[in-house]
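You will see subunit A twice below: alongside subunit B first, and alongside subunit C after that.
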Partner chain A sequence: MFALGNKTIKMFTRLKQNRRLLILLALGALLLLCLLIAAALGAVSISALDIIKMTLNKTGLFDFSATWQPSAETILFQLRLPRVIAGALVGAALASAGVLFQGLLRNPMADPYIIGTSAGAAFGATIAMMLPISFAFLSFGLVSIAAFLGALGAVFLVYNLARVGGKTPIVSMLLAGFAVSAMLTAVMFFMVTRGGRPELLHNAFSFLMGSVSGTDWTQIAIIAPLIIGGIVVARFLAFRLNAFSLGEEGAAYLGINVEREKLIILSLGSLLTAAAVCISGLVGFVGLVVPHAVRLVLGPDHRLLLPAAALSGAAFIVLADLFARTVLAPSEIPIGILTAIIGAPFFIYLLRRTRREYAF
Partner chain B sequence: MIILKHVSFSYNNTPVLHHIDLAVKKGEMVALLGPNGSGKTTLLKLVSGVLRPNWGEIHLDGSILSQIKRRKVAQCVAVVPQQFSMPFAFTLGEVVLLGRTPFHSLFSNDGEQDHRVVQQVIECIGIAALKERFFNELSGGERQKAILAMALAQEPKLLLLDEPTAHLDINHQVEILDLVKSLNREQWLTVIGAVHDLNLAALYFDRIILLKEGRIFDDGPPAEVLTEKAIEEVFSASVLVTEHPVTKAPHILITPKGYTG
Partner chain C sequence: MKKLALILLALGVTLALMIACTPTLGPTATPTPTPTPIQITDDHGRTVSIVETPQRIVSLAPSATEILFALGLGDKVVGVTDYCDYPPELLDKINATEIQRVGSYFPGFNLETIVALEPDVAFAIGATVPDYVNDLEGLGIAAVVLNAKDIDGIFHDIELVGEVTGKDAEAEALTTDLKEQIDEIVATVANASIPSIFYGSDVSDPSALWTAGNGTFIDAFITMAGGENIAGGVEGWTTFSLEVLIDYNPDIIVLGGALWGVSAEEVSGRAGWQDLDAVKSGNIFAIDDTLLVRPGPRIADGLDLLAGLIHPELFD
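== the complex of A and B ==
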């Protein structure tokens, strides 16, 4: 009986060691399920089995005979899959960026947009919308490119404004971020209202509320490596993010090169955010709430939190976008509205139920 | 172990330390005493390497401190601050595991060795039963022991204490200092601590450095340094110094102002 007890303990220990892997596998399976459901539903529904068969056929390794309409294949590969995958990428990028910013800034209101990325992106996009020219580079329009550059430019500005004597204190950065955001947003709204073109208002608002429609494969081929690569790098920084939860001083005592790591984490988070923004506009809420929700359920260890938030954020946006295009079909609800409407009640439920206490 | 040569430091042109010369040998237990603003904490930050001196040099085991990689320094020098604020719900075990950070490279994960050190340390400090409790739900004394455990998980040769017992009840103060003292005695752990309480310093530390306005006022064994005259001059407080009836360490008594009996 004693031997059995020992065995159980050993098994339990191993199970606990593999807990991280099991949770991530489960979340990965959940994401795949969401992708499948979202690809299946829409104005024309396609059976999940057909989707799997068509996708496997594309790999060239399988050759299932067609049990579907030829139009179904066009809808799946030209419209639905790019959109669903774009949603997953945006969700994963914003949720990971949220984890990075919350972990570094130790501020519960931190999200991917907190140090100016959103205002910079909106500012850049608005200028692009007002310009009388339009072109596409690698199938990205001028607006997307301007949003990407605007987001990174704003962070660069904020970081340098907050920098004093070789150090960039976190509080200065938050305040500089707030000031720069306020100014860029004000100028943007001035341009939109004084721009003289009625469609400008509409376009700017669409950008502010976000959408993953109209993404094509070329865009995904460029953005996917950026986002997935960014998340992989972020995962390597997880140990340092854990050290940062003791604050900058505490992290320094643990041998962290604080200013250098801060710059790396900020750049990575901003790059992920900018990549997401340039395919979707500003999708709010996911980058704030998904990291909090995952932390409440799985705990604050960034080694699990970061990949888990990325997978959950991806699944969340895929589902939100599914609702966005089906609830009031044929018209679409902006995805930013849905993320808040679905996400907020769920988050409040978690906040009230949880045992893990916050002490920001 | 650690040698300071002519070290000066200012925060934004406000001078804090002036020409400090100091050598601490392996196995010593040194208290830094002095009023608020005398430079105790700054001196500890310089020795831990998170601040760099404006002038002068600090040598750690023969190498210049500012030229050693931060990660390497943290494998040798650990700091116990007054307190840490912890925004996230880490368990005590997870907080102590943070002490293993300097031993990880980008690609390595915590392994058996790390968990063994954590287990050893929390058993040594007597907080193994609290391992799965949330750090933020622990009492002040338990939290401070956890932070001491985290510092010890760095397997340091030099332990720096920045008023580690300032917020604690007398029983926890004594417990923490007893622990540090036994590590000093049994494992030759070098300890430098900024201490507020003169009597605790006299009881637990073998060597006292009195700081006044960023300069070393006196340096030596408690009985020689902690005199009525020195305390009067450094702290501007008049005290009586007697002898602890058991340990024979100097014992400092204060009398309320205007006391007439």
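== the complex of A and C ==
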């Protein structure tokens, strides 16, 4: 009787693990499909056959004669592919950061920007836009660098402002984040309105709406390890995030060093967000809604939720960017508009369809 | 078969010509006009190398498009922005798909479309070097950034475009002509009284009427047209509230955006505007401001329009 029960439990665990693996494999395949479709479509049409030939030529093992314009190769390898990959990285980073912040703060409105990263990034970027100088470091422009530093700086500020007697209560952190964001946003808009240059308004607006256009391979080579590494580390934190879903006190009873883990999760989430922001500006919605949507469908266990959200977020941004650059081609639509226009109805559908009550 | 023979023949002739033209043997060989690469410095001090006279040009600003067409380069322009709307010839070429639109700087040009056009050079504008210019450079497309800060800067830019495109003489003729027209207008208003002017570039928000202060082309044109810009003491583009405007009570109000449907009648009828002297005396006008804000070849027309509104007695 006892032996049987043990066996059943074992079988059940294995089944659960397999299910997790299968789901992630399926999502990975979906992402790959999205990447291929996004690489094949664009303002300029390149035939699928030519794309395959060009890619095989790049491996050095084949030598198909060019049946395409030389510009097609530039478009595919220097414009479209980096952009598609940047989109996937941004989506994965923001969705993972969203999971981290929602799990830590146990707040359904939490997104990667909740404790000041967006306002800090926009503040930094606007200062950079106002400076009459432009330079590039490792192919990142001044605006990107300032946005990265601004995002991290704002979180650092919020964390320290919320710290009372060696503890950082979540409520104080949310409120301090809110106040700091409001202040930085106000100063940013002041600078934009008093900047005396109409294009400043455009540039700031573009930054706020986000875009993955114009990303190059050097930027990806720097950002990709940061984001992928960050997501891998985040996956190792899944157990602690599950513990946090019991509340801080509950987590402490499970033997979690609450303050230390809080700082780690917060730093990781902010780093992922800042990395995404410095290549894409502020792409909204994905970091809030993808984690919720995945949670609705797959449940709240962070061991599955985190990687599944990363893969779904990546696929989502890749598709949103595909629409952004093709719907009104050759004009482009800021990607932040599309993430909400495509994402919101889908999310509402999920919300209505799910019969069980929403669980964190 | 016949076709193949023709191709072979053509190939043979080309080859023969190429050999014949190779300037190797002695002084008798005809000197081919080898293209001499020129180095130009754009408005941000960037050195741009132009190897051959550009045959395919992309314009990333309405003003650059107007300059290119004014220099007779309409046939070499292959791409323009979504906002390029002049000259009319341009619109015909776009309808005939000889010229393609490549997006706009906000929310962003479509780099794929630009690259597919295989341009030899792109002209852009910007107070700093725009990101997309760096992107284009990275893709091997020569890009010249124009940034005229004053009227002389516009002349310089026209000549710079001429230099890049091998139209030096045409550019000089154009700037000489523009200078003459402008000098004549300035001379005409030289001794006239100087009325105060409010220029409203966007007056849709009564708490923030956008106007052009010191350092903008509008401000310079108002002064040259014999007026005094009431926002002249403020730097750059700025906003006035309606209260401040009423306090200044300018003699003449000029509104931009006539192309976008702004009308003097509608603005005059708004609450608070009726008390302004300019409105009571009918000295409120809506104009096509592209003439005044685009640093291109129509600035003399713009100045003429403005001077005519400020000093109708001096112009027919």
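The definition used in the following text is that the second predicted complex is superposed on the first by the 316 of 360 C-alpha atoms of A that agree within 3 Å, B and C clash if a C-alpha of one lies under 4 Å from a C-alpha of the other, contacts with A are read in each partner's own complex, and residues count from 1 in each chain.
The rule is short, and it goes like this: a residue touches a chain if its C-beta (ideal position, glycine included) is under 8 Å from a C-beta of that chain, and two chains touch if they have at least 3 such contacts.
Bear in mind the structure is a predicted one, so any value in this text is a computation, not a measurement.
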Overlay on subunit A: subunit C relative to subunit B, clash or fit: fit
Touched partner set for A:F236, first subunit B, second subunit C, both or neither: first
Most subunit A residues touched (candidates subunit B, subunit C): C
Partner chain(s) touched by A:N257 [first = subunit B, second = subunit C, both, neither]: first
Partner chain in contact with A:V84 - subunit B first, subunit C second, else both or neither: neither
Partner chain(s) touched by A:A119 [first = subunit B, second = subunit C, both, neither]: neither
Which superposed partner A:S245 touches (first subunit B, second subunit C, both, neither): first
Angular separation of subunit B and subunit C about subunit A, which is computed from CA centres of the superposed model and rounded to the nearest 10 °: 150
Superposed arrangement (fit on chain A Cα atoms) - minimum subunit B/subunit C Cα distance in Å: 39
Subunit B/subunit C common contact set on subunit A: none
Touching residues (chain side subunit A, partner subunit B) in the complex: 106, 108, 165, 236-237, 239-240, 242-243, 245-247, 249-250, 252-257, 295, 299-301, 303, 356-360
Subunit A to subunit C touching residues, read off their complex: 42-44, 69-72, 74-75, 78-80, 132-134, 136, 141, 143, 193-199, 202, 205-206, 209, 211, 213-214, 216, 325, 329-334
Residue numbers on subunit C that touch subunit A, as the complex places them: 82, 100-108, 110-113, 115-118, 126-129, 131-132, 134-135, 138-140, 213, 215, 235-239
Sites on subunit B touched by subunit A in the complex: 12, 48, 50, 69-75, 78-79, 81, 84-91, 94, 98-99, 101-102, 104, 106-107, 109, 134, 136-137, 151, 154
